[in-house]
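Here the chain labels run A, B, C, D and E in written order, and each chain numbers its own residues starting at 1.
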Amino acid sequence: MTQALVEIDRVSKRFGDYTAVTETSFSIGQGEFLAIMGSSGCGKTTMLRMLAGLEEPSAGEIRLEGCSQKGLPPWRRELPLVWQSLALFPFLSVLDNVGFGLKMRGVAKAERDRRSLAWLHKLELGEFASRNVMQLSGGQRQRVALARALVTEPKVLLLDEPLSALDAHLSVRMQALLRSLQRELGITFVYVTHSQTEAFSMADRVVIMSRGKVEQIGSPQAIYRHPANRFVAEFIGNVTILRGSVAEAGDQAIRLNTATGGMSVSRGNFAGAHGAQADFYVNADQIAIGDEPRHENHVRARFLSHKFIGNMVTLFLEVPGIDDDLKVILPERTYDCLGVQPGDSVVASWPAAAAHFFGGTA
Amino acid sequence: MTQALVEIDRVSKRFGDYTAVTETSFSIGQGEFLAIMGSSGCGKTTMLRMLAGLEEPSAGEIRLEGCSQKGLPPWRRELPLVWQSLALFPFLSVLDNVGFGLKMRGVAKAERDRRSLAWLHKLELGEFASRNVMQLSGGQRQRVALARALVTEPKVLLLDEPLSALDAHLSVRMQALLRSLQRELGITFVYVTHSQTEAFSMADRVVIMSRGKVEQIGSPQAIYRHPANRFVAEFIGNVTILRGSVAEAGDQAIRLNTATGGMSVSRGNFAGAHGAQADFYVNADQIAIGDEPRHENHVRARFLSHKFIGNMVTLFLEVPGIDDDLKVILPERTYDCLGVQPGDSVVASWPAAAAHFFGGTA
Amino acid sequence: MLKIGRWFGWAYTGYTFLFILAPIAASLVFSFNADRFPSLPLKGFTTDWYGGTFTDPLVIEAFQRSVMVSIPVALLSTILGFCAAYCDFRFEFRGKSLFGLLMLLPPTIPAVIMGLGMLSYLSRINLAGEVWAVLISHVVIALPFAMAMIRLRLAQMDAALEEASWNLRASPAQTLWHVVLPFCKQSLVAAFLITAAVSFDEFAVAWFVSGLNETVPVRVLVFLQGQVSPVINAIGTAVFTSSILLVAIGMGFSGMGKAKRAAADSPAQPAGGAVTNNGLSL
Amino acid sequence: AGSALPLSLTAASSWAQSSGGQPRTLTMLAWYGHAEPDIVAEFEAKYNVKVKPKYYTGGDNMLALISQSPAGTYDLILSDAEYVPQLRKAGYLERLEAKDYPFDDYFPEFQKFPGHWDGNDLYAVMVRFGFLGVAYNTEAVPESKARSFKVYWDPAYKGKVGHFDWYLPNMGEISLYAGHKAPYKLEKEQFGKLQSVMKSLRPQVAGFFDYGGTFSGLKNGQLQLVCGIGDWITGTLARSGAKVSSVVPDEGGLQWTESLSIGKGTRNRDLANAFIQYITSAQGQVKSAKMAAYPALIPNRKGWELLGQSDAAEARRQGMVLQGHNVMDDIRSGKITFRQLPVQQSIEDWNDFWSEYKEKA
Amino acid sequence: MSNTSRRRWPLLLPPLLWQLTFFLLPLLFLFVISFWSVVNFRLEPDMTLKNWDFMLSRSSFWSAYGHTWALALGAAAVTTACSFPAACSLAFTVSERTRKLALMFLVVPFFTSYLVRVYSWQAFLADNGIVNALLSVVGIDGLPMLNSDFGSLVGYVTLALPLVTLVQTMGLAQIDRNLIEAAHNLRAGPVRTLFEVIMPLAKPSLVVGALFAFILAFGDFVAPTYLGGGAPPTLSNLIIDTTKSGQQWPRAAVVAIVMILTLVLTSLAAVRLAYGRRK
């Protein structure tokens, strides 16, 4: 990681009795694209608002380039925020919206307009400069909000679910725009989102939060492949969680007894004693389906239902003895070749390398 | 397809000068799960509202079990609708909300409550019967709205983006619920949605609309593999569209000259004469990447950027001579093995079977 | 900095309320002052003025009449106001903006002019000087208040609510009865109370058209023009007390109650994240 | 406008009549005070009747109320004498029988009061009267100064001079000050002079007040001189301890007169008649002289006698003593003129000037 | 819904007929009698322009008109300025609950006899009234307040302040907080935010509040009579004086019509100012 630009140091935020953010620490590097994800109400917006100075932390400190921001009112900070609702000024033209921040910094009108216009052109909004913002479409407004935040050339840009109001297509295009802007300008983005797709496809690192706490920080791949705990695994939703007691510890793998028989799980840095209960997870896209077991771990299961998403199919299998359905993700072509029908009995199998304990790195 | 339950016969709807739905015809079979998709403002809601009788078609006719619904006001129809906003009655208890339709049909109180309660239990809401609907969570309200529509045991249920207000997780669980309810009850669902995932994973058939017109109707797989036209292809977004002139027509494939050289495209029922210009598309997940061409069609391209979505990676390649980027979808593991970096030069290749003309069936 | 601004704001607001409430408070004080004229220093405590007020047959009659007028006024204006508000909310028709103007204009017509117009018109149709005249004029004045309040409530109604009701086979009439009216219930009660208060306080038009059938505020006006007696303060204080009760109850129905209920409910509602987790357990 | 209307009863009076044991209702249109308990209680008890007043605030207001109500609304009409001819001409009054009333006991000047008779037909009976002059605050203004209308122009009282908001008494007084012996009968140039004299007074003036405003203005010291009123206000105030008084100045004073008539279309003629008899009798006259709302002089000589016996102090205060100088002497000396409507100009002319006068600050 | 059009009549007719019969007709009738004449204290149907001619050619009418305008405008300005800080405080710095309570206290006087309140003000504003008594404690003596335009203004403000504060508070409370925070986030401090963001956003409620104050003051006769000393007269005073003057109802009707026209035009202009200027 590059040098830490923003440091969040044991920050908590309480609203009355309710603690929205609990003793959270992490730092954000120069030029990094950091996404914050988590279920609704977990404190993402609160985190961002504390960065912007719109809320004061109840405890802890936020540092920007090493300087504590404590007590600094929002209008003294250089951390522009892009709101989900955009918060464009409805009584101003597009140009004046973009120029607002410059005006507040005392930039003269001519210079202000020049710089605003340059940004509008960059975001392909040049022709709308004199329009009222209310006359723009959703995607256009979105870009105006971006231009307004970027025109002062900040080091860090905060974004709170900026794309959630857009329809799927627009959202995809805006993602591309955001990503390329961020690369091009070398700005640090702190990006709050609900959408796994957005976070995973854009961010360098993703923070997963739950109930005011950070559950995991890491690259999208790391989180996807190696969820740190049950919460993250369920949140990402691409694994099946199983449970067993340690029967035999090998070098590479550990053998467990589960409700459906013995299973091998990658050792990682797991240190459970013989007989200890342990949760582990199996990656859905590393499971093979067929009439015969093809890997060392295998269960016989009943094919319940499937979901077709893009060119992938998710299969739900009922395994005797375990509560959750076993999730299997196959490319559509593989699924077609299998020719199974709901209700059929199949064998699911996976190598020890597809199963991991929580918290172990691969 | 089973017997047509609902027939939409050259239906148009104009609002003043604006035509929201243009001469649309299709029919919906008994017990079918039909999803309607399309970009915002394309007339999906209008279509549904015409079915429910909330809008009267400007031209054409809607028939239910062969009977024209023309002139029938909404309160004489048996086509319950589930609103995106749910439209629950805030001043009634959960039980009374569910029983409203029965009350309007003159069902006595005791019987009404019995039937409503049975539905609430079925949807695991039994314990909330006497609560005010405002006190429920989003997902619970959603189920109340469903119960209210289903309690009268209709033949057809209309749903307008019922899940769009829920967060991603809740939405996935509700999808499973809806799908299993529909199967179990054998009711016809007409389901409007924005979300490709929802439509493709639940529906038997999908209708793709654009600007008031139907662009394609078919099973999710058919639409995914064989978009009928450029609009659908771009809407689904998993192909790259290319253009060429017919050079040589073979039995299985047709050879075209394109800006990047000759290409073979599956013949399908294409009937263009020699020299004719034609668009064709290449499925992104059937393209191989490497240092060498691996299939008969190949181009040299520059790897621009990639997007990580779940366990798949989308690569964008710049090909000299074509405007759009070439889209390639690879499993993450394949991508990892390739070890390419943005900026690298690669060879993309695909078999003739991965390229199709629009409108041709495979 | 911000704190100072905040305190300044609150102090200023306090002064504003002082300005608004001072005359009311003074009238309360002077209603117990032995001196016949409201001036300083106070002369000593007395309840004579109340005694005088509540034994004066004219005042008692005026009170009875005010009550008798304000209740039907409130009823009629609420009903008519609902009809007007609903039409404005639901229907599109030619001349709708004129309709709205006609419904909402009366409060902008100065009371003197309304009085003048009402008196000359009602005397043409043999109603001037009758209780009916007061009733009619007050409905004209109060209807816009009722309409505005109910219209505001209707604006909060999801348009889909009525459609949902039709969709569940309720005819438009049934929908009005089972959905729209229950939805507006609080605002109907509030409109009733507030129109009653408007009628109970209106003096200018009533003075023109009431003839011998004086209402309480007309009596006050007559006292003010003629006798200048502390009875004015006594009546004022009594009317203030009853108005404050009516309005408080009205407000309670329209908003405060809701706020309170919401506050009481919120613990029952699982906080953000919890909704996701226990919302569905299929 | 209401004259063409068919006869109808108010809801209130028809209720009262339909129920036997209930008291009947007698309606009265009057200045404030004439139907208060101190005046009517005895009458009400005697006839089992309830007197129900509508109080007006000036002759024009009274005319408006009559004209906008159906005939028969008001059984009794108490009006300022100068309005009686207008009411009669407009057909709002019933004719009265002269023999019903104790005219023989009246001072001769008041037996055949101008305007109350049309030839030999009687339409109104005089009940009480009073003088209008200079009303002043006895602490701020010495009586010697108040003895002339000139005091209104005194710079010491700038901004402390009030007008009773009715053109008639004010313009009459200033007309007297301008030297017009017949203050309401003005030639064109005399009217012009009146206007210019009045305009010169305007800078002194604090405002224009109704009865209530005048009352509280004098009481709380806001006003130290008031033009257009007399003892009917200051007397009342003095009774409650205010330091105010009024005098008839040397230039002369005006007399206001209140008279009772019976409204056209009354359903209670007998009661109405009885009331006039009651209030014009000696006992009634004493009550009227001492009316709580505002005291006044009475035209009934027997009334004077009775007042002298029952309340000598009040009789003295008002100058209604049969021995020694009394108010009748002022009238007989020509110092007092009846207030009346303008003769050569129209009411509107005077009123318009009054409006204009108010305007110029 | 096209098929609802027939069903609106049972709901539309009652209020429509009521307001036509008892509101529009009286006003039209007022217009009609402005062409009638008065003979012998009685109104006689006529078709004469002389009332219009008479009133509109009077200089006293026009100066009353000017005076009323000035007073009403003053009332609108003073009330707006007085209530804005309070409305800001209520809208932004207190809890929802406190705000509701405060708004209730604002509404209550609206339904408390205005006459009684004006009467009460006399005791405050008189030369030796309560205010002067308090002022003399700090060594200021004898400010004349009663029976002046100042007195009238106090009355108007009494009448309009609660309503205006209410309108402004509701307008301000509706402002999207995000916009204020966005302004802060773009480095606008509290004062600049007030002028650059809050004021433009609150413009409709400011204008509508001022309009209410204007309308109320324009038509009120109580404050100028009991606190303003009745001089110089306002148009409402003029109406009352004119009806007194030999039953000149037609002339009073002329004044009334001019007042209504003025108010309608002012309202239109104000609404345009409040909502119209959006590109």
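Throughout what follows, a contact is a pair of C-beta atoms (placed from the backbone, for glycine too) under 8 Å apart; a residue touches a chain by one contact, two chains touch by 3 or more.
The shown structure was predicted, so the numbers you read here are calculated from the model rather than taken from an experiment.
Counting only chains that touch, the fewest steps needed to get from chain C to chain E is 1.
Centrality by C-alpha centroid: the chain sitting nearest the overall protein C-alpha mean is C.
The count of contacting C-beta pairs peaks for the chain pair C-E.
With centres set at the average Cα position, the gap from chain A to chain C is 53 Å.
With centres defined as mean CA coordinates, chain E is found 56 Å away from chain A. Chain geometry summary: the mean Cα position of chain B and that of chain D are 91 Å apart. Averaged C-alpha coordinates put the centre of chain D at 37 Å from the centre of chain E.
Shared interface positions of chain A, i.e. residues touching 2 or more other chains, are given as 39-40, 73. Counting partner chains per residue, chain D has residues 1, 210, 216, 220 touching two or more of them.
Of all residues in chain C, those touching 2 or more other chains are 2, 39, 120, 124, 172, 224, 275-276, listed in ascending order. Touching chain C in their complex are the following residues of chain E: 4-5, 7-8, 11-12, 14-16, 18-20, 22-27, 29-30, 33, 43, 82-83, 85-86, 88-90, 93-94, 96-97, 100, 102, 104-109, 111-124, 126, 128-130, 133, 157-158, 161-162, 165, 190, 215, 218-222, 226, 236, 239-240, 243, 249, 252-253, 256, 259-260, 263, 267. Within the complex formed with chain D, the residues of chain E that make contact are 40-43, 58-60, 63-64, 67, 122-123, 126-129, 144, 146-147, 225-226, 228-233, 237-238, 241-249.
Within the complex formed with chain D, the chain C residues making contact are 36-37, 39, 57-58, 119-120, 123-124, 126, 128-131, 211-214, 222-228.
Residues of chain D touching chain E in their complex: 1, 3, 58, 60-61, 63-64, 67, 86, 89-90, 159, 165, 205-210, 213, 216, 220-222, 346-348, 351-352, 354-356, 358-361.
Listing the residues of chain C that touch chain E in their complex gives 1-2, 5-6, 8-10, 12-13, 16-17, 19-24, 26-27, 30, 38-40, 79-81, 83-84, 86-87, 90-91, 93, 99, 102-103, 105-114, 116-118, 120-122, 124, 136-137, 139-140, 143, 147, 172, 194, 197-198, 200-201, 203-204, 217, 220-221, 224, 232-233, 235-236, 239-240, 243-244, 246-248, 251, 255-256, 259.
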